[in-house]
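What follows is subunit A paired twice: with subunit B in the first complex and subunit C in the second.
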Partner chain A sequence: MLKRLLSRNETYLIVIILIYSIIVGIKNPAFLSYENFFDMLRASSGKLLLALGVLIVLISGGIDVSFTAIAIFGGYASTKLMLLTKIDNLAFAFIISASIGIILGSINALIIHYFRLPTLIATLGTSSVFFGLMTILVGTKSINAGQMPSSITNFSGARLFERIAPSGNTYGLSAFIIPVILAIFITWFILYRTMLGRGIFAMGNSEESAKRSGFNLFLIRFFIYTYVGILAGIMGVVYVAEVRWVNPISLVGSELSIIAAVVIGGAKLTGGEGTILGAVLGIIIIQLLNSTLVFLGLSSSWNDFFVGLILLISVSITSYQYRLKSRRNLTFSD
Partner chain B sequence: MHEILNAINLYKSYGGVHALKDFNFSVNESEIHCLVGENGSGKSTFVKIVVGAISPDEGEIILNNHKYTSLTPIQAIHEGIQVIYQDLSLFAHLSVAENIAINSLIAKGKNLINKHEINQIAEAQLKRIGISLDLSMPLEELSTANRQLVAICRALSLDAKILFMDEPTTALTKVEVDRLLSIILELKQRGLSIVFISHKLNEVFEVADRITILRDGKKVGDYKPYELDYKKLTYYMTGREVEYPRYKHETSNNKPLLEIKSLTKKGNYENISLKLYPGDILGIIGLLGSGRTELALSLFGLNPPDKGEIIIDGKPVNISSPLDARKVGIGLLPEDRQTKGLFPKKSILENITVSVLNRISSNFGVVNRNLQIELCNDAIKSMHIVAPNFDTPIQSLSGGNQQKSLVARWAITSPKIFILDSPTVGVDVGSKAEIYDIIQNFASKNVGIILITDELPELLANCNKVFVMHNGQIVAELSEDDLKEENISIKIQDLMSANEKSLHQNTKD
Partner chain C sequence: MSIKKITNFDTSLKILISITIFVLAILGLLLGRQFFSINNFQSMGYQIPEFGFLALAMAVTMLSGGIDLSVVANANLSGILAAFILTKHISLLKDYSDITIIILATMTALFIASVGGIINGLLISKLSVPPILATLGTMTFFNGISMAITSGEGVVGFPELFLNAGNSTIINIPIIFVIFIIAVFIVGFILERTSSGLSIYLYGENRIAALFAGLENEKLVIKIYFLSGLLAGFASMIMISRVNSAKIGYGDTYLLQAILVAVLGGIAPEGGRGKILGVVLGIFILQALQSAFTLFAFTPYAKKLIWGSMLLLVMVINFLLDKWRSRKYHAKLESLPQ
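Entry: the complex of A and B
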């Protein structure tokens, strides 16, 4: 049992998170407060949604870098549409944004499948196309907090429950957690309880074998990229609510840090491997670094440095373990 | 007897070249029908037609009394055709149970999965072939032999009526092969038909009810095993008499080229000492895992030993990388040419001359192309490599010609010591004899050869000295005179597999 636990990437991540939290907590006790915990949860909600999509793509053996473009497209276009049509309804925002996600995601899937393109190249291309399309169709003007539809503003401040801190501030669990929990559950169900999920793993293991087994690779691929699109679309609305201000040129460019988080969580770029828990822990680590360097008295410039360092360490450890295993099987690839 | 499959007058050609010509093949219920032929004889073309991967140009296939002029993969599966490919087509990161059950779940059109159902399917199939495996274990942690059994279970789970097995024993040890063959015979007893495709003629004789021989896309004939012997079968396959050349050690030189003194690598091999003289073909025989390959890799600088000495030409040397090995004149033909030897997409020219690029390039590192071509053409001629031209990608050649090219790669570096690890795996009988010829030619020019193999005929045809390895140790040293003894084959077999049976029992559970 212990051996099995020790062989799992997640165990190490949890240990790292705990040790790091204790160190920060000793340096600055304010870190270990409920208030701060809920704040961090709220701030990482959007990243968690994106990470689930990235996880599924990585398991299938692909890689997608267009999801941030889809997210901002969805978030920005749906907010703009709410202002234009005066339909001030949160469900409307989610539906519009998710639909944009479905359309753009299925474009990814069709291009990848019919032209047999490497997924990185295809989504690198569509990422620019989507972003360009948005700036042409929707514009580039920011929407500030004052113009924000009230349903978005309400969602931004909504809490499932509230407490009053000794300082007099109220704090609580943000409603952002609802789409996150739903997405985690649905993703888990798809990956582990459906044939579709097994197909995603099988495809990541070996496309040829999956085809010979009778999996419909087109349907699987179509699902994967539209699902990523839906998650990105939902994230777009959460993101707009989180910052209560949309700058259409934000978000794009942060996709690699999400991919890094999922890889830290143990997903392999070679496909076939990855867990939801790992992806969540990866995001927690990134979020911890994002928001705690201040507690340690370090400037935020250290953020990228540490994220990169942890990424390198975690992939080096897995690669080293793999090498030991290959040595036992007499493969000497170095 | 009830006929399940009957292929009539199949024709298939690719760009004017006949891959299959007027081919007839039938399979009866509970029959093991062996299909043998050299590489490129049309065996895999036939399999592809039957599983529905390609359509024949002419002819028809009758399956369970349904007539088809061409099949789709789904039709083939519904008619009970299952293939176990050489690469097994399994999923490394999925569990044993999932690997077994996944195809039948797809065939049943399931959308949701249920762990209990998966385990039930897997258990039922494992029980059918009488073995037990940890169902939740990821497939990648299984040995090749057990993976093969998983592939068989998967095929059985789809109500297979005919099981095609493409070279199933290539990567197995002797004991594992025996277990597989007994499972195959058991399946036949229960009414399954098996089409067994193999290069290994002794296995063919062991299990076949009927043998069909293919040569150049045409059927030579159907035979009962008792109508054939090893020599006849070889003759029908190749169209010529193949006699393995027998090596005679003639050079006499009492200064060893290579001397190993009590070399040890923990967990691999222990206390190995041997001497190799010029003109020796020293055979090292042992089962997979006996330490033979590990030792060879150590001599080539890939698996550094913990203790012991390597002496070349009287001088102790330290070999810690393949580069060091080359500097002292050691060449290695690796066990697995696909992953460790070839640059599959590169031309024959590049594959052969890659070892001497330094020598044939100018001071500025520009390769002298004329010299390169000349070297390559000489090699193609002297090694009898059959290829359209030197620009052909090496992956399009047959196994035998690929292997000859790799031997050529080392030959042009004129090594002093040449280690060949299983040089004829996946090589057809005709090319085998040619490769032996090349090896013996080398030895007669005073090169010291170490030949690692698990095939007895190969060992006996080539070696003038044999070391038998078992569990990391040399358990016997046989001289030229020992090798002339009458029942030497049986003796070596016994030495190789000493205690192997009891060992196997332990690893099984």
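Entry: the complex of A and C
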């Protein structure tokens, strides 16, 4: 049992998170409060949604860098549409945003499948195209908190339960956790309880073998990229609610930190490996760094430095282990 | 090299040259004198080296079947460090003359950028980290260092002499453009006339075959990423001399453009195929379009849309061409007498 635990990437991540939290907690006890915990949970909800999408793509052996463009497209367009049509309904926002996600995701899937393009370069291209399309079709003007539809503002402040801190502030579990829990459950179900999930893993391990064992690669790919699109669309609305202000040129550029988080969580770029728990832990680490450097007396400018360092160390360790293993087995594939 | 291979190379270059002429003709028709003026060509000469070096760096790594996502971050970091020296942030440097400072800054930029490249090479070769991940990690890391040491603020106040050097010309040709052309010839020579260069092609085509052919793959990879880093170092000096400051986030759009140029120039993203001449033509096409867009007063967003669609379009056309070629090849095989 212990041996099995020690062989898992997640165990180390949990240990690192605990030790780091204790150090920050000793330095600044305010960190170890429920209030801070719930704040961090709220702030990481959007990232968790994106991470699930990235995880599925990485497991299938691809990489997607266009999901932030899809998310901001969905979030911005749906908010603007709500203001335009005066339909002030949260479900409407989610449906519009997710539909945009489906459309853009399927474009990714079709391009990647029919023209056999390398996924990184293809999605780098579509990312610019989606972003450019958004600025032309929807605009580039920010929507500020005062103009926000009230359903979004309500969603932003909604809590599942509330408590009152000694300081007099109320805090509680944000409603953002509902889409996250749902997405985690659905992703888990798809990956581990359906033939589709088997297909995604099989494709990541070896496309040729997956094809020969009868998986329909087109359908699998189509599902993967539209699923990423849906998650990104949902995240777009959550993001708009989180910051209560849409700046259409925000969010794009943060995709690499999400990919970094999922990779830190143990997903392999070469495909076939990765767990939901790992991805969640990876996001926790990134979020911890994001919000605790200040507690340690470092400015937030150091954020990327540590994210990069952790990413480099973790990929070096996993890749080196894999290298030793392939040396032992005399396999020379990548 | 077989005759067939030579003609093959020629077709892709022929296509590229026709595209270049076509683009120039269209732009000439639309913009006329505005485009075909000494002024415009001179300003193109100032703008090309900046991302030209980055595109060369990207092309070399893509030729080996890898990719260097950290080129821009690497250039930024070394640019910022060079800027620290140029602005005499370090009190030790107060007494030195401007020329010494400029030489010192240039050496630092080239050295730091090469070290950055070698780190990439070591991660990829000695630890077997996939190139995308290794360079993604170093990209975040280099940006992190730049951010940490500048807090996101620009480093300004370079010596006059440095700015003049960046803007000087030889018979109306910007000196940085001359440096760029020399670099193109050196990289072209390395790739096509030296054994290391041929090894890069072989490694890019099939690394397992390269390994069994007795090539020292690990050393080769380090060399490739070292070259890429060094080229990024040149880009960094040109970048800071042109904008007269160093700041994190400069040239972020160049990453997409560098990949676009490499693909446009005929470098196959899976490695092993492509010529530096193609990349140079790609750089010229991109710059011609860039200047035209500026004359048309396009927004940066519209430009982004165009670059993105171009990247996809070029890749799709390459795919279709490949498919057409292999079909023709198979048809020819079948028609041969058994």
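The rule is simple: the second predicted complex is superposed on the first by the 327 of 334 C-alpha atoms of A that agree within 3 Å, B and C clash if a C-alpha of one lies under 4 Å from a C-alpha of the other, contacts with A are read in each partner's own complex, and residues count from 1 in each chain.
What we mean here is this: a residue touches a chain if its C-beta (ideal position, glycine included) is under 8 Å from a C-beta of that chain, and two chains touch if they have at least 3 such contacts.
No experiment lies behind these values; they were computed from the predicted model shown.
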| item | value |
| --- | --- |
| Touching partner for A:81 - first (subunit B), second (subunit C), both, neither | neither |
| Touching partner for A:95 - first (subunit B), second (subunit C), both, neither | neither |
| Which partner, subunit B or subunit C, touches more subunit A residues | C |
| Contacts of A:32 with subunit B and subunit C, given as first, second, both or neither | neither |
| Touched partner set for A:43, first subunit B, second subunit C, both or neither | neither |
| Which superposed partner A:158 touches (first subunit B, second subunit C, both, neither) | neither |
| A:214 touches, of subunit B and subunit C: first, second, both or neither? | first |
| Partner chain(s) touched by A:196 [first = subunit B, second = subunit C, both, neither] | first |
| A:205 touches, of subunit B and subunit C: first, second, both or neither? | first |
| On subunit A, the residue positions that both subunit B and subunit C contact, one per complex | 332 |
| Contacting residues of subunit B [partner subunit A, same complex] | 73-74, 77, 85, 87, 89-94, 98, 102-103, 105-107, 110-113, 293-294, 297, 302-303 |
| Of subunit A, residues touching subunit C in the complex | 63, 111, 115-118, 120-122, 124-129, 131-133, 135-136, 140, 253, 256-257, 259-260, 263, 269-270, 299, 301-309, 311-312, 315-316, 319-320, 322-323, 332-334 |
| List of subunit C residues in touch with subunit A within their complex | 67, 123, 127-130, 132-134, 136-145, 147-148, 150-152, 207-208, 211, 252, 256, 259, 263, 269-270, 299, 301-302, 304-309, 311-312, 315-316, 319-320 |
| Contact set on subunit A toward subunit B in their complex | 193-198, 201-202, 204-206, 208-210, 212-215, 272-273, 330, 332 |
